[in-house]
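After this come two complexes, each holding subunit A, first together with subunit B and then together with subunit C.
Then we have the complex of A and B:
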């Protein structure tokens, strides 16, 4: 992230120029728009909205709905009960992610403290990371049907890697760096685990939760798209019926939700990291 | 990765092997017990997989999906690296690109599948676009962070010694950023395969996606498991190769 810059923020009295008051204010606004982070971002957002609107005007609503149409469809999303479907999907996702945490964190701790466990589990975390887990969709349908269990299994499969691997990294880091000091001060093992290991590993675990939850969200949509149920089924349906305003509204909502989850956990992670020495 | 290191690390590799063997033994026991309809033992899956590879079209469909992945990845590299360089080099570009790239990276790309046919059809173009979106953001983000990781002092030394700007760009900035760029590229290898398979499964059944979903819907479990096993092994090997190339290319850095 670039540092907030204040280079040339407000030109004020620019020598050699004599604008009127209104023009000067306009000049200052333009300068703010082009020289500050917030201004440039605002300009970019406006630019994107204008391009969207122009494309919509040019190609018509069968290609791209206008910004207003999408905004009023967004109201519909909330009033016509589409958010209820999303809520149901999220409930399933969190159930799956709960299982991910229940399995993933203990496995990560195990890999962090035991080298043998680490070696034995590494081929599987590697496979979970590298392989296209989508390949398992047809198998999971046969194993679990099209119900709750199927969706939960997809969510667990997609999200567990990040939780395991980050927990392991956190515990390994804390164990290696801090154990010797703790030994030197004769810290009891339980106190060490609770007061030193846990806070030191916490930001790593939260990083794993952040990445894992992001994957869980994506997995939920993939799982639902595959069998056309829930939110995935809903966007599949409105997409193929070409209700584009509604589709765009749902897409905006889902993307905002994904980014929101990411930002909240990122914030939490950074807060927890304050307690830990910066260099890992 | 020298032979000496391989030997020094033998307990680790022994454990890897043990773990994989153990998995196949458990799979065999569960599969042979016949309690689970959806799991046939490896003693049936492996011969079926071999047969499908030699006489069937398992290899053809796998290569089909992989070539979609490769082509989409190439496009993503061609776009992602310049965009990343721009975001890394220009503060103003980064103000705009940083939230866009990170937001797009966090966004569920698969939500586009229901409407992508409207814009790009259901053929190769749409598939390549999905693969492209799966890869381009991670490449651009890591390239940008690579460029930012090059200390400004390095550039200043370059110009103090009278290096031309192009030489500074190539020999200092790009080289300094290369570890992050390669990490981004390696990560995008597995993402490309995922994107291609997802498109082959969900956009329109094709190649390996068609192979797997038709095996699934006709309950040819051994055929299905064989396909899954092959693509898993191929993906893991591809990632290992990518990691090997990365280590080899960055040996100048690791050596110091």
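Then we have the complex of A and C:
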């Protein structure tokens, strides 16, 4: 079409040319969208927004608010103080996750270096790791009430096993060959922990932290939904009041936060991996 | 026949005195089920000698090498280095592993410094010393590379530099070139000889490659299938310095065939017994 248009016009006239230039730019944009990782990701987000908007147009605002309505509700989230509630919830989550790290990493190291500890603790960690932990929430409410301690305990319960299991696997990964090398070169005990065990385990530990923090985030919302406080309570409330635009805005914010946490830790994990060179 | 500049004071003699070793195979429940590997190995290896040990896989030759650096404890018998019994790993011994065993999170420089660090050498001194060895194994341009960025041959040069950097009197090499392609292997064999000819270390070199043993060694010990001791000791008559031309020497081929027929008998016997 563009070439036909330029052929039809007087040579030297600008509109045809600039149209052709625009087409070339569009072509470059399309090739960027389809050929780069960032482009494909952007394309996926655009696709999601289009589908969202279509569903909103089809089902109406009592089912799905439009993208614009959600965007203006997002402004409200930041101006009307909802974001402060989220901040409070995150504080509680990080308190719980701090406990997870303080207990989980040493326990994982212990299971990694000691066969007895491993045999003793593996059945427990595996049983709790694979059981539906939501079922324990009523028990935790009885034990800790409905305050800070309860939320923290839920976060720990959901996240700690990822940290324990990955740390133990990382320490065990410091394989037989490296142990033998350390002995052949007379490595002192402390230097062995610092120079062999720790760097060998580091990428696994960070992987555990990444997965554990994702679970901590989920646990925080579940704990709050259960007793209707904090961010979970807020979602519950705006949901039951059918303020769907606000509800969607909160959901988008939570998803964005989860993705952000994941990306930071994923980056850190890749930096610490040694099977691939750091600069590739 | 010996290297021209050898001063035997730099090496360490090795005496193996009736060494026995067995392992509990996976799943074994009783003492009686132990699998015998070394059945009274004895040898006297003089200082500064390049000794090769050939044998079929699983015969216990790597086990024997580990006993010499106290990485494994024998069931019975003892090993004397320079007349003293081995009880723990020694700074007089450098070990080169078949799978290189480099620390993947350390650069070439960091890996070569590893032993010196453990020995308590000051930072400046160990850096200088490690650099010197990296140059000697021709990796000068790769000091800051990580093992994952190097080829297998280059990784083993690092392994060699790490072992030599602690200035051992005895170098124990466990099939060091076994994981490399044959061209790289031949190049490294020549370079190892060049390094060895510069000072008078004792070298004990394990391999299953008969030609490699003949090309490198002053003496080749032949081990049979487990349980085993040394079946035969072969004095290698070739002049040093040796070059690749040796590989085409008819006498070289004769010795190779002789060792092969010894090994073949042993392997066939073991297969029949199994």
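Criterion: the second predicted complex is superposed on the first by the 226 of 280 C-alpha atoms of A that agree within 3 Å, B and C clash if a C-alpha of one lies under 4 Å from a C-alpha of the other, contacts with A are read in each partner's own complex, and residues count from 1 in each chain.
Going forward, a residue touches a chain if its C-beta (ideal position, glycine included) is under 8 Å from a C-beta of that chain, and two chains touch if they have at least 3 such contacts.
Bear in mind that the values here come from a model prediction, so they are computed numbers and not experimental data.
K.L.:
Contacts for A:22 in the overlay, against subunit B (first) and subunit C (second): which applies, first, second, both or neither?
P.N.:
Neither partner.
K.L.:
Which partner chains sit in contact with A:196 here, subunit B, subunit C, both or neither? Use first/second/both/neither.
P.N.:
Only subunit C is touched by A:196; subunit B is not.
K.L.:
Once the shared chain is lined up, is A:188 touching subunit B (first), subunit C (second), both, or neither of them?
P.N.:
So A:188 only meets subunit C here.
K.L.:
With both complexes superposed on chain A, which partner does A:180 reach: first (subunit B), second (subunit C), both or neither?
P.N.:
A:180 contacts subunit C only, not subunit B.
K.L.:
Is A:254 contacted by the first partner subunit B, the second partner subunit C, both or neither?
P.N.:
first
K.L.:
Is subunit A touched at more residues by subunit B or by subunit C?
P.N.:
B
K.L.:
Does the superposition put A:133 against subunit B (first), subunit C (second), both, or neither?
P.N.:
first
K.L.:
Where on subunit A do the contacts from subunit B and from subunit C line up?
P.N.:
none
K.L.:
Would you pull the subunit C residues touching subunit A in the complex into a rising list?
P.N.:
Residues 66, 69, 71, 89, 91, 93, 95, 97, 99, 101, 103-105, 114-115, 117-119, 146, 148-149, 162, 166 of subunit C touch subunit A in their complex.
K.L.:
Please give the residue numbers of subunit B that touch subunit A in the complex, ascending.
P.N.:
Where subunit B meets subunit A, its residues are 11-12, 15-16, 18-20, 23, 36-39, 91-92, 94-96, 98-100, 102-103, 106-115, 118-119, 190, 193-194, 196-198, 201-202, 208, 212-213, 215-217, 219, 221, 224-225, 227-228, 231-232, 235-236, 238-239.
K.L.:
Inside the complex, what are the residues of subunit A that reach subunit C?
P.N.:
177-178, 180-181, 183-188, 191, 195-196, 199-200, 274-278
K.L.:
In the complex, go through subunit A and note every residue touching subunit B.
P.N.:
Of all residues in subunit A, those touching subunit B are 1-2, 5, 37, 40-41, 44, 63, 116, 119-124, 126-127, 129-139, 141-143, 214, 217-218, 221-222, 225-226, 235-236, 238-240, 242, 244, 247, 250-251, 254-255, 258-259, 261-262.
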